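In the two complexes below, subunit A is the common chain; its partner is subunit B in one and subunit C in the other.
Moving on to the complex of A and B:
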């Protein structure tokens, strides 16, 4: 029973972060149709900003969520309005836009990563925050990790409610289903897509802030999280925000179960699930 | 529109022709490389040429990871060394080469291999064949050395390595006569010392976790040989994938094993969370060993007082020798603690010192002669470096020249604790508890 609890909670802890990262990419890829390879770089920016604010100014990492999130939103919004909108205008079809925007995102990855290396240097960094054990029904977990789970779920749910209950959320869902028709119905499509890109960047940065509380951070940490995000987005179903949220937890649990037996096989298990799902249900868990 | 378009095209064509003409004119007076397409050396003896050959600089080429995953390692390890060492040598006019009767400054050509081994091999060949560099300095990392060393050997270049080293390279070195490995590694001579000093303190059991790559497999393998030699049983063995995020199953497993020693032979991406998780779960073995990573200043910066008692691999500490104290001042004084690397930096620096000393001794830039000078250095006939008298032992930096092997954080300083005759402080065993709060 204790083993079960250990595995389950460890899976949820990891899954929470994956879910948050994947929701961000889901908005960018599923709605704005930008396969944002540089998604991980926004995670890195959030993590290093939080680290800097904590170690230099002593600002609580949880407070940094409220700083890194909006800042990344603004950055993402501007990038979409300037870069991706231009690419969309000059691309003949959605397919061409997807490939062109992915190439631009690759460029963005290198630009952001190298700027970060110039600003923060190459060293690995980290800090201790809430590093004490908490007893959950006999299973021990670090307090910082439980806090990350709590905030991941909170941010995820808040965003889900925003999508499901608000007018702006409805516009985003409409754009996800059919951007052209949504545009004909009076949705300002460029604005909505830029919003989605901005929200995606904000979620990445907030995930980065949470990651920095538990894991070492450095300038080239982004890409591995971006890869996980891509797996989760496809797993959950392209364009389905709840799908990404659930997919993140599924992947976290699978990873945790496999890691209990052999940590070396977790990544293999991720890809195993990925392949099985593509064979059995190519549209993903919640895809239509 | 048509006429405007045409005139622009004509203008461009005219400009191109003019530009080409200018370029051709500019190239004219310089010695055209096509003039001597044979294999003959540049200073082929003609009837009048009994003068000293002309050369005004030593060109050194490097393929380095300036971007990509390996950049964090390359930028923190060898880069600060050559960026400090070269200006220091050039400030004195360069390296005296008898053949030319004067000091020659060093000029670096550095290409970005984007952390890709394939790109690195192409750039290495480009440096040799197109740029015709006088010397090759090393790429970053063990896997890169494995790929670069045969290329250097093929073209007869001396290669003194920086980051990287492995037991397997020992077997390759006899076929790579121009390759010299500076960094210490598992059985050269870290883990035998680790086992010895811990056994002397009464450690009986060890739990070994290791990253599932060349580095981790090697270290866990050598630990499996060296620990039992000293009467320490390996009671647990767990491999970690490079992308592992949650280390709590491993730490809980280690805790359950009750081992005296916990080892995490992995990189900072794994051993920093391993340290954090140990702290969070209150897992406090008698010895906590991790690396590479624990040896860097950033470990202290990240964990603060919690680093007390953590052990790792090292080379020196302040107090090892006056020359090394001087090196620490040069490299670290007035800079953030994050950049400190107590393991690699002195070896990389010594590698450059060896190179300079060998050129001066050989009095020429001839690779073959310089190789012979380095290879023939011995305890009786050493090369002087920051480590003191230095020589190589079958292509590996002799273990007698290592200022230390095992380090431990004691009162905020990464002290040398092994081997005992080179220690700057005594090993603290068992390690103190994690700080509370």
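Moving on to the complex of A and C:
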């Protein structure tokens, strides 16, 4: 029973991070239609920035959330306004835009990753923050991991409320459903899409800041998280923010169950689930 | 005027013939380094042209090239010491083709990006399963492959390239090629017109994988040591896509030109700027997508139309 609890809580802790990462990608892919494979690089930037701020300037990693988030938002916003808007204007159809923007995102991945390698070097880094054990129903977990889960859920919920309750959130949801009609109804569509891309980048960077509190970080950590984010977004249903949130926890649980029996197969299990899901129900858990 | 026309029709095959003769006699006079360089370029050309046999006309972006290539590599690693080289290469090609047939049959219903993600996931799935299997069951991570001399590797690669060109040409000129094109333009309409969409898609996908697997089987002998990370490197899934777009997908020579220029560029960048190579690669990728959506061939074409317009203007 204790093992079961252990696995379940470990899954939730992992799932919180996955959920946050996937919500960011869901905005970029579900609304802005960019399958942003460079999503993981924003996670990496957030993680390494937090590490540097903590180890050099002694800034609290939780405070770094408020620095990395807005900085990544600005970066994402600018990238969409300059790069993806251009690609959208020159693409003849949405399908061409999807393939071109995916390739452009790969270009971004290589650029950001290698700039980071030049700045931070190839070493794996880590720091110790709130690393004392906490007893959860008999199982021991690091306090930093529990804080991570708390903040993931908090950021996720805050963002959900923003989408559901505010005027700007309504514009984003409208753009996700039908960009052309939303444009006709007076939504400034280019602005909303750039906004979504920025929010996605911000959530990635904040997730990265949280990840750096628990796991070692390095320049090429991004791609694995990006692929996990893609899997979760498809699992939850394209364009469904709550779907991504729930999907993150589902994948986290699966990961911790598989890791308990056979750690070497965790990633293979993710891909396996992903492939089965695409074949059985491509619309995902919450998709229509 | 008619001589002009005959010449304009003949210059492409004539040029091709000259290039092929040059390539076939290449090992007699070129330096060892040049042979290795041209082998690498040919490998990328083979991957790109076989990728564009299927993905060019249909518009389905396949990111499974690395999987087919990797199956060829592992065939060479497993059978290289037991069977003669031509048979190993043949088996490599056929094994890849079987995988492609299976994948194609499974993924038919997926459209657009879903197909791309699925094929990308496939490469990673195979890589991780293989890695787990090797560590768990065989106790090692990598394998050694038999060594073949560089001239033989070159000649085999050239043979694969010539066969591939012939196949690509025949497919393009046949009813089959027309069916592929109609699928790319409007799949539903193609089905209504009596095209067996499923059969055409799956068989072309399987056909294109033959050459990738064969190329993998022969390239493995050059690397001598392989592991799942080397064999199923997702970078090799993206290179063919990028090279084909770089050259221009709309033209039969686009993918060849794109792959040749880009592979050479890669070699130069790696030797000159080993640390900034991937960064430069990313920048080139962005520039090509934003400024050259029709690729190098598109550039050549606009240049030619402009010249023709000028001629007409003066006449």
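We adopt the following convention: the second predicted complex is superposed on the first by the 288 of 288 C-alpha atoms of A that agree within 3 Å, B and C clash if a C-alpha of one lies under 4 Å from a C-alpha of the other, contacts with A are read in each partner's own complex, and residues count from 1 in each chain.
The definition used in the following text is that contacts are C-beta pairs under 8 Å (C-beta built on N, C-alpha and C of every residue); 3 or more make two chains touch, one makes a residue touch a chain.
Just so it is clear, the structure is predicted and the values come from calculations on it, not from any experiment.
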Superposition on subunit A - do subunit B and subunit C clash or fit: clash
Which superposed partner A:264 touches (first subunit B, second subunit C, both, neither): both
Which superposed partner A:132 touches (first subunit B, second subunit C, both, neither): first
Which of subunit B and subunit C A:13 touches, first, second, both or neither: first
First, second, both or neither for A:104, with subunit B first and subunit C second: second
Touching partner for A:278 - first (subunit B), second (subunit C), both, neither: second
Those residues of subunit A which subunit B touches in one complex and subunit C touches in the other: 110, 113-114, 262, 264-265, 267
Sites on subunit A touched by subunit C in the complex: 35, 83, 86-87, 90-91, 95, 98-100, 102-104, 106-111, 113-115, 118, 227, 230-231, 234, 262, 264-265, 267-268, 271-272, 274-275, 278-279, 282
Subunit A-touching residues of subunit B, taken from the complex the two chains share: 67-69, 71-76, 212, 238-241, 243-246, 248-250, 252, 268-269, 272-273, 276-277, 279-282, 293, 296, 298, 301-304, 306, 338-339, 436-437
Parts of subunit C lying in touch with subunit A, wherever the complex brings them together: 59, 61, 106-107, 109-110, 112-114, 116-118, 120-122, 124-125, 128-129, 131-132, 135-136, 238, 241-242, 245, 275-276, 278-279, 281-286, 289-290, 293
In the complex, subunit A residues that touch subunit B: 6-7, 10, 13-14, 17, 55, 110, 113-114, 117, 121-128, 131-133, 140-145, 214-216, 218-221, 223-224, 255-256, 259-260, 262-267
